[in-house]
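Shared between the two complexes below is chain A, which pairs with chain B and chain C, respectively.
Moving on to the complex of A and B:
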């Protein structure tokens, strides 16, 4: 008789652990709040796409009481030879902003043997500078200069929750079922090139934008140089942040008209091939050529699919992939046309909604939905819906 | 004259020789002559041999070889033959030693200390044979943002500053008619036109025969201003030459005996006069003067073409480049200290300037820190020996690599460094119309086209293995390079991590 017990099910030790990250996002296009309980089902389905070294989520509409304040959500870790990190952050913040409220973020004990403190400040800039720029600089300063403090997010009426663990652990740790929001994005991580650490989990967030990412940006070095020129500091040990900053620059900082800013940003990140541009009608070709030449260093190369959630200029969710579509991304709308989904895999969407209205956005094209409805399915030609607006 | 030992020895195997005389016909340096009395070629003077290999390759019987002259200098670690010969030459002539091609000293080659990255597991490599990998590059100024205005509910896009499309990020550097022959320059002009890239005219102006190539030429405006006329301003781009890698701080002289009808027509100077390019541009004694000239060229060319500035890679190249961008240049050409020349004082060629690898990395990082790198195109050259050097210089921060010695080698050059003598046996570096016939324009053009295409294919293949499908995502992407050399300080200046260094900050991931 064999000394090994016969297995009728696959033995635990042979559990497959394939490489990939899982990303998903949900937007209620009527702006109604969705409970975290439903979200948890979506995000814990794609276990094949994670390895327990990072997960996180972003939620919009979480703080109706403080929705006009910037919510600075931080990871704090005290170092033995300096003042507590929280005191140093608070001292710095008091110099530059008004603090309306600050609080410890409630977490469930017993899930992680050890975990950092999560703290949030509701703040507003003091003087008449561009408040978005002030907050962006504050977040970058904290990440760059204040040891033991790491800014998870700094947008209004939104926050990012993330850490080192399996998706179900992170969901339970942050008590996701108690949260409500009209827009959610969630990421489960399979880190390869950089260490798994709390700050390194996704989403990455700046101001009202949060980004989750599956893939690898092979143009990272070039993008970082471009961002350095534009005043962004890349310090987070990952390539995902460059997409978040590029996006912030292209849709907000550049000052492009809101109607076409998303189109420009998506095209700059994954421009059409030159041979496709040559075939476009002359008016569109002019725009595509100009975008590609001017923002040539914003092009994100390599395999990726990303979900970007933003509240600028209004709550919007964007799914976007590289122009060869080397990472999966699927979009769906519920049968009642109220809810927009994006996900790496259809099964995550079908975990909560049996909708038959789903599709694959084209390579390099963005699927965009906002409060009010789907703007682009990602299957249109460039500038298709707004070409009559181009002079 | 105090005799010195020749450098080379020509050996003719008379058992194989059929006494056809091709070797002596082809030898332009007077090493081999045909002796009518003995009815066979004779090695007349080994001291004249420069090892151009013309006789070796034209002998139908493989009867000739060239060896280093079999004499051993008394061993000395300091007084090596190079110095002894130079002293002898200067003691004999009392003059400055001239030399051609690039720096021939064995300085460390930084390119050889760099290796690049490739995709494994976490991202798929791209097969450049089956999927597009784009090499198109735009030369010219880029604005920081698109300028969009809303007029009657429609968005109007302002035209971009003038840019020239290159099908590949390789251009051929500046070589003037005069420094190289009519046939050689025509072959290269044809090649860049066919490939869809650019070549520099050098400072010698543009012959009327070559006006057809203007949309593929960068018109150089050098200190002598030779041939700069209104028709010349219709080149695809204009470039003010401040310096050249082989001779930073030095101008140039084309002696009167080389100024024949062809050259005099092209340069717009009388037959037989010396064509002297002053060391500085005498209307540019400072950066504000440069600004004026850039503005004047923009104005004269009706803002239709990019105007750039070429400088030699010198100590302070980064700050100089920054000034040039702020003075309004649309592109900067940086020429490294190994860059070639038709004629330069050897003492300058072999010692002045810094390597292009360090210069480009410094300029790219400096302009990035100043937030202006994005606005300009950087062209860099000065001994890109192979496609690997090209790939590395792009990753170090150049938009476009510039080659000149390589296409000359494609035309037959053997780098014997005799360019200033005008005796080039391959018909390249000469103004002698008979010698020039040795370059077959059509075949030469084909070989240069092949070279440009082959390097472009190499670039596509390598980008594919790095998971990059457009070259603009590789410009300044130092993250994909690693340093594998002896000097960590060098790696620091290059902004490149050491090979094997584990990821700490700013690495790729998901």
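Moving on to the complex of A and C:
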């Protein structure tokens, strides 16, 4: 069943390729840049978790020259009987934003027999009122309406690179060894219940957030309805994007105090059982109940472990799993306490750093690290140490 | 093995800097067995899966590095010693033998095990010992030196699980060397502070027993699991296992016996009986 003329920017057929995944993330808590060479070493260890149908990575801190502009990274593909996709995108962008620079993303030839064009625009909205919302709407419009164009990422000083192939092929294709960033996330193997296409590989990104995910979100239907009410369009034909949008809503839009927004979002995604809430101390029980009721439809069900990287309000990496712990996730900190790692398997971390400081976060609890240090190891009681901030 | 002549061989799992695929690694192990080796040392292991899977010989495999999923799955009589950590599904459907891990091993350890013993020095994850079973003299046992997470002993039908709550973090003498018996200082092994189990302990179990060193809050018990007094009889049952643990990990036995054990058993051997239709068809 062919639904679109293109096939890089839209899936050619709606057939799913079931699979599992390998995920990993690295954050330098001093904000120092990490070479992509190291990241490639981490992810290619977990070949057993791949099927060669897709891989991708997100890098933060890659464009120091344009760090105040939004970087709109696109995959483009020209289709017969229409203008070149790049021209149509540019035409649309010029109506709404100022373009500081646009460039072709360098890729290595000879790895894939055919591949789309990767292009990036550094932009800033003309209307400075709510720049984040404008950019979000632009990205969603491109994915939804402009055939032959697909927006990979639209955050500041970050970009997402992804496609169909083995993780080592994607790493070589995008010349990962030339990239540098203080925060990375990398995913191998294709999204679980998704047709195989370039835009459908992980990470999924909106503004400064990027999500990689192992497992599946069985509450997809409920979550999509909730997101529709909130003005998000789910068009990627996969379950993971709902986590990205839910996260954007809970952390950025909801207006919770910035320093605890992550924990609230993590609790909304996999809230404690009612029987656990009943046993909590009264002041925490009050908040847990409120979050569970208010964001009832934001609860993500099913087996999953996700790594969320975000630059809002400051660079942060979050590892999170479902509350029944049906997918693997290991966290680690290097011996010099500078680097924070998350990964599906410990051996991926040990491939680059033989640290002895590693642990498994508790089911349904988030391990959170940011510039400056680890905030939560994921083994604490809910809202431990921050109850005074909740008020 | 003491009466037998030791024939040792070393296999490098990372020749020329490239990790061997688990198929190739297992082939080399089986080739070594065929050549009559009974002590196989595997070095530089980095997450290879299924090591020793399905092997029925009574030989020793000693591993340096972090093993991947399904270590010793379906094996019958192997002794596996890991100087490193193990990923998930350690001893999946183990029939016989002894698996020893000088590190952590996370979720679903000993799933569906039907015999043998699994000793882990460090911490465990969720669903340790799920669906473990026993038959006559075949009684599997899982022993964790550290702590475990949710759903320990879920749907357990037999065998026993022991969680000791010991902290080996400061007891490692030389952190640069692989952890083994000689690298553990018995005087620096401590009790873990705080809880060593999480909720849903023994959820839906209908056989076997779980022994936790220390108190277990009532709310941590899973459905159809209940606490029972720890008797002299229980002590006789777990003594050989505790002694073996102390021998393997160089722990003074008096430290282990210094705290009271809590025994968790199923309320009945058929807890879900009411869920099924009882009218004759």
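Everything that follows uses one rule, which is that the second predicted complex is superposed on the first by the 369 of 391 C-alpha atoms of A that agree within 3 Å, B and C clash if a C-alpha of one lies under 4 Å from a C-alpha of the other, contacts with A are read in each partner's own complex, and residues count from 1 in each chain.
Basically, contacts are C-beta pairs under 8 Å (C-beta built on N, C-alpha and C of every residue); 3 or more make two chains touch, one makes a residue touch a chain.
Just so you know, these numbers come straight off a predicted model, no measurement behind them.
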Chain B versus chain C on the shared chain A, clash or fit?
fit
Which of the two partners, first being chain B and second being chain C, lies in contact with A:264: first, second, both, or neither?
first
So, does A:124 touch the first partner chain B, the second partner chain C, both, or neither?
neither
Is A:100 in contact with chain B, with chain C, with both, or with neither (first, second, both, neither)?
neither
Comparing the two partners chain B and chain C, which touches a greater set of residues in chain A
B
Kindly classify A:360 by the partners it touches after superposition: chain B alone (first), chain C alone (second), both, or neither?
second
Now for A:215: first (chain B), second (chain C), both, or neither, which partner does it touch?
first
Quick one: is A:225 in contact with chain B, with chain C, with both, or with neither? Answer first, second, both or neither.
first
Between chain B and chain C, whom does A:240 touch in the aligned arrangement: first, second, both, or neither?
first
Contacts for A:297 in the overlay, against chain B (first) and chain C (second): which applies, first, second, both or neither?
first
Superposition result for chain B with chain C: lowest C-alpha separation, Å, rounded to 5
Note: overlapping chain A surface for chain B and chain C spans 275, 324
Could you pull out which chain A residues touch chain B in their complex?
19, 21, 189-195, 200, 213-226, 228-231, 234-235, 237-240, 254-257, 259-260, 264, 271, 273-275, 286-287, 290-291, 293-294, 296-297, 299-304, 323-324, 326, 389-391
Chain A residues touching chain C - in the complex, by the definition given at the top
45-46, 48, 275-276, 279, 324-325, 328, 330, 345-348, 350-351, 356, 358-360, 362-363
How about chain C: which of its residues touch chain A in the complex?
19, 22, 46-47, 49, 65-66, 68, 85, 87-88, 104, 106-107, 123, 125-127, 149-151, 175, 198-199, 219
Residue numbers on chain B that touch chain A, as the complex places them:
119, 121-124, 126, 131-132, 134, 136, 138, 142-146, 148, 150-151, 153-157, 160, 163, 364, 368-369, 371-374, 395, 466-470, 472-480, 503-510
